[in-house]
Amino acid sequence: MKVSRKVLGAAIGALLAGTVSAYADTIKVGIIGPFSGPFALQGKNFQAGVEAYMALNGKSVKGHDIEVIYRDLPAANPAQSRALAQELVVKDKVQYLGGVYFTPDAMAITPLLKQANVPLVIFNAATSAIMTQSPLVVRTSFTTAQTTTPLGKIAVERGVKKVISAVSDYGPGVDAEVAFKKAFEAAGGQVVEAIRMPLNTNDFSPIMQRIRDSGAEAVFAFLPSGPTTLGFVKAYNETGLKQAGIKFFAPGDLTQESDLPALGDGALGLMTTFHYAVSHDSPENKTFVEAASKAIGGADQLSFPSVGAYDGMHVIYKMIEATDGKQDAQKAVDAVKGLSWTSPRGPVSIDAETRHITENIYLREVTKGADGKTYNKEIQTFPNQKDPGLATQ
Amino acid sequence: MQTILSIAIDAFAYGMALFIICIGLSLTMGLMRVVNLAHGAFAMIAGYIASYAARDLGLGYAVAIFLAIIGTVIISIPLERLLYRRIYGSPELTQVLMTIGITFCIIGITNYFFGPTLKSIPLPGSLSQPVDVGIRTIAGHRLFVMACGVVVAGGLWYLIEKTDFGIKLRATVDNAAMADALGVRTQVIYAISFAIAIGLAALGGVVGAEFLPIEPYYALRYMVTFLVVVSVGGAGSIPGAVVACLLLGAVDTTGRYLMPEFGNFFFYAAVIAIVCVFPRGFFGRAQ
Amino acid sequence: MSDLFRVEGLTKNFGGLAVSRNISLSMPAGERLALIGPNGAGKTTFVNLVTGQIRPSAGRVVLNGEDVTRFGAVPRVRKGLVRTFQVTRLFSQMTPEEHVTLTVLQREGKATRILSRFTGNSEVSGEVESILSTLGLLDVARRRVGEIAYGQQRLLEIGIALALQPKVLLLDEPAAGVPSSDTPRIEQALERLPPSLAVLMIEHDMDLVFRFAKRVVVLAAGEIIFEGMPSDVAANEKVREAYLGNYAHARSVA
Amino acid sequence: MAGVILIIAAGLAGYWLFPDNLALLTRVIAVALLVLSLDLITGYCGVASLGQASLFGAGAYAAGIACVNGVTEPVTLVAIGAVAGAMAGLLMGTIMLRAHGLAQLVLSIAIVQLFHEAANKASAYTGGSDGLAGLMVSPLFGVFEFDLWGRTAYLFGLALLVVVFVVLKFIVSSPFGMLCRGIKQDPVRIRAMGSYVFPVLLKMFVISGAVAGTGGALAAISTQVVGLDSVSFELSANALVMLVLGGLGTLYGALVGTVIFMGFEHVVSAINPFHWMTMVGALLIAVVLAAPGGLTGLYETLLGTGKRAKGGRT
């Protein structure tokens, strides 16, 4: 309840501030994300990250009050994304844009940035190419290639020579397939078959049959987090692939913490690589998880977008600090190039050239904790990973 | 051969899961002439109740199913009285507007109270273990779903074709005014049929949750699938629904095995082909 | 053969049930023929077969020397074989004027034009007015059909048919459901039908049949059992049996 | 033509009253074109469709692909979108008109899903789920740039809407429009009048496709990105909801429905970005209870002029 009243207040405040310029020293930040609809969970995590950051670091920078305006974009919809961004910039006069869960939505905003003189800090949208669209984009999440690439080496190290790849048939899935294949084959493995599954697949048992038939020793999978993940993992267990000893590798989207309770014991032993685990053991993360759980209303809903949002807010705060409240997008972006800090996920920095975050990628295994709940246990660290997707382009 | 058999088992299980969820919608659309797009929303409500009962209260699976059905029907009663009664006999598109509105509301409310995470319904040990059926292992709950599907189909057929209630229901459907004149209390018949349809949605939501996981967006996410299956079978026809579910389940499963990347093409191309050949569905009643 | 219209051996089976059996009849131009028969004799099926709503199992329909059996309903209309409906099929939201205008435009091949005006289309308004005035519908020409009297709706059915300038007109019970006070207006309209038009009328009202038709065909159980002068109908044994037999049968059942 | 003046007045009022929301208003116009196109086949011909976005998406992708391949003149792009939409309409009509009622509705769903799948598959041309980005549209008439404030896009869209509306006004009051209304009510009667039904409806599908394609092209031009959402079932379903909300069978109903639905959605989702869906649902329920014939039907009832049919049967 507290949350929505705050949002309401912000909205009304925004309406008032749009007409009355007496509040000029409030710097507004517009956050676009999927706050309702099928991806509402990820949107809520954006909000939790933002609120956690503001709760821990104050609501003002150098005397400038920060005000956040949330706008809902339930599913990928570039036209709506552009309309929301335009409204935030033109009407609500935000100086910073943040959020954005889906790639096409980010693509629709980038053409506006230069004219609007507003930087965009992406909290999630994970396609490499976004960064090349505008010099005013900074990203604090990850790219699918970035989180996937270490898996190639990991698989080979664990004695796997033949892998079948099974990914959801859409942009990020294809990115993952390509990145894994490249890394795995570079390490000496062989991708025997690559399956692309329609996004709306409900029953994965035929896919499992194919995996079994392929004779591969392991499966590399990528699916968007949420209901399909559940079906995939269940089918992996139930069709006996797990007992047959076929290993399972995936980027961490598959075992996001908020899905783990639903996955149950079936997820035990799954190996995933990702930039963040809620269980990450560091004082920064402990503080973050505490604040973010409070903001979202329960630790069980916490997932990776929250940390993207948290660090995104950090970048925005640094930008405000550097520009001292003046609207200068280029100066703001320049100020955070090369910026490094300790995030809840570990040490990170903004690559000066690509403006994408450089971070550790962790290998995690789903393990049962002392409290009987499953969690992603970090077992290996790949430090300072850049986005290989951009590096190769 | 083993592969074919294995695919066939998967297809049958998936088809039966679809059948249990969809048959209630088929009844509302075919017999009561209400395009109830909120059908999935009721299945979802049942899933939440069952999840709460089994996971949070630690009750047994059977008890959870029972509570879910009863609970969902109870929730549906005021909706039937206040909203659905207004749209019996309305043009289909008006019904679409109303039931989409109801769906939106249910999604919003669920999201508000229960949050957007996936909800699981813990299975009893006997159903969660893989069972060896000779050629391969199959999850126990899949066998359970198949059995449920067969029981539901048989039970409904008996209810509609062989019982007094069935006779009254069919009379009401064919000519409500005439049935009324003959002393059939059509309002009551409608209310009971609605409750049965909702109860079936609830059952389907719970036992199908292993295929279609429970989360707030459930109601919209699978709406298209439900609508397609019901129409292909012919609204109101139990054998039609069985055939449609099994056939589409088979096309879906086989397509996804043979050429997963074109899985959707197979499915919808099959739908177009079937509809072009059987414009009223497999066992559709004449309009 | 100077026959304008002819059917030969028309047969229709629904499943195992024969609803039309080997029906043959012919009509010259200007003929006024009545088709009568007890309920369930297959009269409307016959009209549907002739006009192409349903396909016959066997037999031919010949119009103006041309075999139209394989044609659908639309080309038959375009060739001049036009019907009215037993229960009026009108557009409740449209006015009589609009009905007739649309029909005339259709006949002229102008009904699918998208960039000409429909209302106040001067090309056809004269003809539309004359049709409506013949039928006495001018004063309701601009009221919605849903609001005018049923008798007037029946007249409009005839008006639509006339607007198609038919060669053969099949009237399916033109006076059905009309209050008796309005029947004279229908009769009047029938009398004013163009003389060269071949008209086949299905009707229950025997007074109307006797006044209108020069020749009568009686259909029973899908078969023609009588063909001849109206004055001979009543005396025919088969006809008596077909009509009265029903009653006798009904009594024995009761 | 009082209606046209009203639209222009309302459009310009939007321009002056909400100068900061022009991107939203442009999107409303693009969707309004989609809903108008749906009204043509559903409201005037009685063919309900849950796949109208196929036509919209065909226009959007055609314009988008043309644009990234060097055709950047906006009017040309709109023409390309309209033609592509019309062709998609021809295809869709050919398939859909084989069936009736519920089966027809399902065909429309299957078609939009196939279009969606095809657009996803052809990612080399469409960008797949990442969207087709990088549309650099030249200034309108070489002078007016499509900029951040979206003035050009909005006024261009408004002009398109007015032109389309006037043309459609002509079409629905032409003999052809009358014939379509007749078919909606009773195709058997129309056949007995000597007119074929299929080619007439198919023609309307083509017109409808052109209108939807125009809307798609406008969306592509003003957004500079084309996403898979433009060929989605969700957009199709939304369009149908907006149409029924506004009222079937009047062009105004389509416009009113779109403006009310999108405006309401925008306002409530800004007030509470997390739980606004409940409010939209409540609006739909309220409309059905208060005005089963849609908002324009309610308006007519209030004026006492309306004895028009309640809603439309499919």
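When the chains are written out, they are named A, B, C and D in that same order, and each has its own residue count from 1.
Going forward, a contact is a pair of C-beta atoms (placed from the backbone, for glycine too) under 8 Å apart; a residue touches a chain by one contact, two chains touch by 3 or more.
Just so you know, these numbers come straight off a predicted model, no measurement behind them.
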Count of contact steps on the shortest path from subunit A to subunit C: 2
Chains touching both subunit A and subunit D: B
Closest chain to global C-alpha mean, per-chain Cα centroids: D
Of all other chains, the one whose Cα centre sits farthest from subunit B: C
Between subunit B and subunit A, distance of the C-alpha-averaged centres to the nearest whole Å: 35
Distance from the mean Cα position of subunit D to that of subunit B, given in whole angstrom: 32
Mean-CA-position distance for subunit C and subunit B (Å): 49
For subunit C paired with subunit D, centre-to-centre distance based on mean C-alpha positions, whole Å: 43
Junction residues of subunit D, two or more chains touched: 117, 121, 274-277
Subunit A residues counted as touching two or more neighbouring chains: 36-37, 40, 44, 169, 198
Pairwise touch network: line, ring, star, complete, or other: other
Chain pairs that touch, as defined at the top of this document: A-B, A-D, B-D, C-D
Complex contacts: residues of subunit B adjacent to subunit D: 29, 83, 86-87, 90-94, 96-98, 100-109, 111-112, 224, 227-228, 231-232, 235, 261, 264-265, 268-269, 271-272, 275-276, 279-281, 284, 287
Interface residues, subunit B side, partner subunit A - complex: 3, 6-7, 10, 13-14, 108, 111, 115-120, 122, 130, 136-139, 142, 210-213, 215-218, 220-222, 225, 252-254, 256-257, 260-261, 263-264
Partner subunit D, residues of subunit A touching it in the complex: 3-4, 7-8, 11, 18, 35-37, 40, 43-44, 70-72, 75-80, 82-87, 89-91, 103-105, 107-108, 110-112, 115-116, 127, 129, 133, 169-172, 174, 198
Complex contact set, residues of subunit D against subunit C: 170-171, 173-179, 181-182, 185-186, 188-189, 191-196, 199-200, 203, 207, 307-309
In the complex, subunit A residues that touch subunit B: 36-38, 40-41, 44, 166, 169, 195-198, 200-203, 205-207, 209-210, 213, 226-227, 230-231, 234, 237-240, 243, 258-259, 261-264, 297-298, 300-301
